[in-house]
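Common to both upcoming complexes is chain A, partnered first by chain B, then by chain C.
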Partner chain A sequence: MSFNDLGFYPFLLLILLGLFGVQVLIKKEQTALLIRKILLLFSSFAVIWCYRPSFCLSTAAVILITYVGGRLIERAGTGRMRIAGLFVTALVLWLGYFKYFSFLLNTFCTLIGQPGTLIRIAAPIGISFYIFTAVGYLLDVAWEKYPAERNLLNLSLMLVFFPKLLCGPLVRGDEFLPQLRENRRMSADRFMSGIQLFAFGFFKKVVLANHMARFLDSVFFAPSAFSMSTLWLAMLSNMPALYFDFSGYSDMAIGVSRMMGYDLRSNFNLPFITTNISDFWSRWHITLTDWLQSYLFNPLAVRFRRMMAGKPKAFRKKYKLLPECAAAVITFFVSGVWHGVGFNFAIFGLLHGIFYVIQKVYGQARKAKGKASGLRFVPVLASFLLINLIQVFFRTETPGEAVRFYQALIVPHAGVFFPSFWCLIGLAALCGEIILARMEQRKQGSAELNAVQPRLNLRTVPGMTALLFLIGLALALGYFGESYFVYEQF
Partner chain B sequence: MTRADIYRKLDEVFQDVFDDESIHVSDETTANDIEDWDSLEHINLMVAVENAFGIKFNMGQIGSLKNVGEMVDLIEKKVG
Partner chain C sequence: MMGRIVKVTGKICLSGILAFLALTLFCMAYYHLPARLEDPDGVTDFRWAGHAFYSRGTEGFAAGRTNNEGYINESDYLPGDPVDVLVIGSSHMEALQVPEKESTAAILRKRLPDLAVYNVGLSNHDFLTCMRHLPAALNKYHPARFTIIETVNLIFPDYEFESILRRNETGGTERSRVYELVQKNHYLRLLYSQLESYRKSQAGAQGDNADNISDSPDAAPKNSAEAVGRFLSQLHDLAQAAGTKIIIAYHPKASINADGSLQVWSDVSTMRQFDELCHQHGIGFLDLSDRIQTEYQQRNVLPYGFINSAVGSGHFNAEGHRMFADELLRIMEEMERADSAERSEPLR
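Here is the complex of A and B:
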């Protein structure tokens, strides 16, 4: 049950009414806080139950392991990193079992010439997200960033709070646990801000992402049946479609949380205005990038840098970027395999890593020669093209399929010319978003170019009319056939 | 080792890492005051500080320092 299912909406309404009822009827603050959290945890497990009742058990096991792990790490004194390593390994193996066991077994069978197995292990919903949150929490406790959480309800909600359960945004303990300890109240302002962000995300998902996905599904299913120009349009719309899908979900998750009184971090910030891979990941799936940087890239970079510390100064200067580049390739590879199962996701991650290294080395060389970064417009378009080209691996099932798509892109052939209206609209919407952000930047006189958040004044007639118009437009134009959020499967 | 000694040594480390002989740090110096001090150079810097003082930081300490003053406090604690 996600934002995509109609059944979710009565459920959401019930929870909002329940939370409001607790806020109004129960005067004793501690009791209200306790009931509020029990209601939220019950709702979160109800969502998991709807997917498969047995998922509740494995989710509860992860919560208990994380809770006990945090407490033990805190008490371990100097051996805390060893204990943390043990618990983190257990959680990662748990995730790996659900996601990779069937794939590895099948690959092994293929290698030894045996028929593969049809067994597919169903991964508990949201497992990639709550395991990453748990790992981050355990490492933070081990690094003494904050104490282990004593309240099991708080820890459980940090991991499985239902608006962010399926696809994030990922939360950090020092950001979300304090919110759970406070008696967060619903307010008219928060509710109005949340509902319009939700509506905005809903529009992006059902109107743009869903329609674009239908076109892309057909084209990626049989690329050779379509003309070259159609394939180029599909290739260039692939990442924007995922953007509308995933940022739509993120907006809805942040919006629902805000309506209930909780703040989640933003996950996207104009990802297509970037000029290189590093910059792109600082604006795309921001909470995952932040996680990977904090818990994988930085520790690896520190370790590799320490390994170089004993080397002569000339060597260290010459290979200054080596620790960072090695850490980046490993991090991007992990990011790739986290995203999905199969060789294509690994290649997707490695390609991002390789281009990160190329751009870093090239950038360093230009800096050393004192060359300016040049025109921005061209690098932005080049980055957009590169990111979409790599994304072909994300969309296709096998390396062979990806290669066939690339071939069809450049080898002239006859095929159906199908300039998808919705992809053109989607690309225009992307440009519109950037222009709007630029106008806002000029108005504010700020140095940074950031995404514009919807901020209608719902206390006024024009504001409320605009919101109702947006929802009406989404309902009238949206595609409500079979669809899912792309990141749900991760 | 006195706080002044730590600062003298830190100046050398900063000058070496950022390739700039004119850098002199104080309690209030932050990443905003030194052009190339981004998240990556921060890692290089912290490892260089570890080597210069013969100490080791954990990842929480590497990521949580707000200014050079806090860095010196931490070095004092570890060396002392």
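Here is the complex of A and C:
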């Protein structure tokens, strides 16, 4: 049961009414807080139950492991890193079993010339997200950023809070646990802010993402059937379609959380205005980038720098970027395989890592030669093109399919010409978003270009009308056939 | 406190009404279907309101007006007007997705300038529905040359073939109360349609294609030569009594395979048998499968799908109507040539 399902909305309404009822009827703060958290936890497990009842057991097990792990790490004193390593390994292996076991087994069988297995292990919903959240929490406790959470309810909610369960955003303990400890109240301002963010996310998902996906699924399934111009349109629309899908979900998750009184971090910030890979990842799936930077990239870079410390000075000077680059390649590789099971995802991650390295090295070279920064429009377009080209690996089932797609892009051939209306609209919507952000930047006089958040004044009739019109328009224009959240698969 | 609640509720209601009006206005251009009325003559399950404006932007972009009878034709029909070619079928023949002049009936009209072509194609009129209403249609229009029955499916249980022509129904299919209520407002009708799409996707059915005809899950025998033969014999007798020739025009779904080849979803042996039986009973039969393949291989065109919907699925696009009309003309000419001893006038 997700934002994609009609049945979710009566459920959401019940939860909101329940939370509001608790807030209004129960005067004792602590009791209200307890009931609120129980209601939210029950709802979260109800969502998991709707997918498969057995997933509840697996999820509960992860919660308990994380809870016990946090407490033991805190008490361990000097041995806390070892215990943290143990629990983190257990969680990662747990994730690995559900996500990668079948694939690895089949790959092994192929390598030794044996028939593969038909075993498919169903991964509990949201497992990639809550396992990462749990690992982050345990490492934070091990690094003594904050004490271990004593309240099992709080920890459980941090991991499985249902608005963010399926596709994030990822939360950090120091951001979300304090909110769970407070008796957060629903307020009119938060509700109005949340509902319009939800509505905008809903529009992006059902109107733009769903329609674009219909075209993209057909083209990527059989690229040789389509003309070159159609393939180029598909390739350039691939990332924008994923953006509307994922950012749409994120907006809905953040909006619902805000309506309930909780704040989740934004996950996207105009990712297509960037001019290089690292800037792209600072604006795309921000919470994952943040997680990877904090818990993988930084520790690896520090470790590699320490390893370099023993080398001769000339070597260290010549290869001063090596620790950072090596850490980046590994981090991007992990990011790739986190996204999906298959060699194509590994290649997707590695390509990002390789281009990150090129960007770092080239950036140093340009700095050394004292070159002035060039025209930004060209780098933005070049970056957009590069990211979409790499994204082909994300979309196809196998590396071979990706190569065939690239071949079809460059080898002239005849095919079905299909100028997808919705892809053109999607690309126009992207440009519109950037133009709006630029106008806002000029108005505010700020140095940074950031995404504009919806700011309808829902206390007025025009504002409320605009919101209801937007929701109604999304219902009218949206595609409600077979569709799914792309990141739900991860 | 009460005053505040009343004020807020009032604002929400007013905003809702304004938003609803704006959306209704939007749908007058985007999704505007005429009102559904009963067909007193029993030619079809229902009719659209006469001389009513329609527009569709959900699949293709098209707008037009119905004629006086509520069908999609360039001109009105008055009782007694001659009809030479009658086109009966589903939403493919209704052709709300393309401009009227690009529909199969319009193309036939243009290429047969001396013949009166009349189209009574309507949504949700599958082959069996068309057959149920065929006697009434022939009785009303007396098509002098041909009666074309378009269909996407010809595989039915034998008992359907045995009984269908004997039913001679004139009544329409009942629609739900909800539909009757929502059809008064274009936006609500669109929402209803969206809800149907959602339900179909949840049920795992293919919500894209016209009229969503699927094989009956019945375990009963289907399309046996005896049952189909008897049905076609009855059909031939009906046609002969009405002074017309029947053409059953079949067009299967198609989809692109991963290797770029086109898969036409047709049961080849069943259609071949149907073709032979039609030939034996003096009924024309068109199977668009080969033409779909040829056009795809030679010109890279698909007969279904629009730039604002899906690739290769859904209703006939302009190319599909053109292919269909071309093949119908070919079949009509072949039948005329085969029958030339009895006719003094050529087809065109």
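Quick note on the criterion: the second predicted complex is superposed on the first by the 490 of 490 C-alpha atoms of A that agree within 3 Å, B and C clash if a C-alpha of one lies under 4 Å from a C-alpha of the other, contacts with A are read in each partner's own complex, and residues count from 1 in each chain.
Following the convention adopted for this analysis, contacts are C-beta pairs under 8 Å (C-beta built on N, C-alpha and C of every residue); 3 or more make two chains touch, one makes a residue touch a chain.
All values derive from a computational prediction rather than experimental measurement.
**Student:** Now for A:475: first (chain B), second (chain C), both, or neither, which partner does it touch?
**Tutor:** Touch partner of A:475: chain C, not chain B.
**Student:** Does chain B (first) or chain C (second) touch A:219, or do both, or does neither?
**Tutor:** In the superposition, A:219 contacts chain C only.
**Student:** Output check: A:448 vs chain B and chain C. Expected answer is one of first, second, both, neither. What do you get?
**Tutor:** Neither: A:448 stays clear of chain B and chain C.
**Student:** Which of the two partners, first being chain B and second being chain C, lies in contact with A:306: first, second, both, or neither?
**Tutor:** First partner only, chain B.
**Student:** For A:417, decide between first (touching chain B), second (touching chain C), both and neither.
**Tutor:** second
**Student:** Name the chain, either chain B or chain C, that contacts more residues of chain A.
**Tutor:** Chain A has more residues touched by C than by the other partner.
**Student:** With the two structures laid over each other on chain A, which partner does A:324 touch: chain B (first), chain C (second), both, or neither?
**Tutor:** In the superposed model, A:324 contacts chain B only, not chain C.
**Student:** Pick one for A:29: touches chain B only (first), chain C only (second), both, or neither.
**Tutor:** It touches nothing on chain B or chain C.
**Student:** Chain A touches which residues of chain B in the complex?
**Tutor:** 39-40, 43-44, 46-48, 50-51, 58-64
**Student:** Which residues of chain A touch chain B in the complex?
**Tutor:** The contact residues of chain A facing chain B are 81, 139-140, 142-145, 293-294, 298-299, 301-302, 305-306, 309, 320, 323-324.
**Student:** Report the residues of chain A in contact with chain C in the complex, numbered from low to high.
**Tutor:** 6, 211, 214-215, 218-219, 221-225, 227, 414-422, 459-461, 464-469, 472-473, 475-483
**Student:** Taking the complex as given, what residues does chain C use to touch chain A?
**Tutor:** 11-12, 14-16, 18-20, 22-23, 26-27, 30-31, 187, 190-191, 194-195, 197-198, 200-201, 207-208, 256-260, 262, 296, 300-302, 305, 307-312
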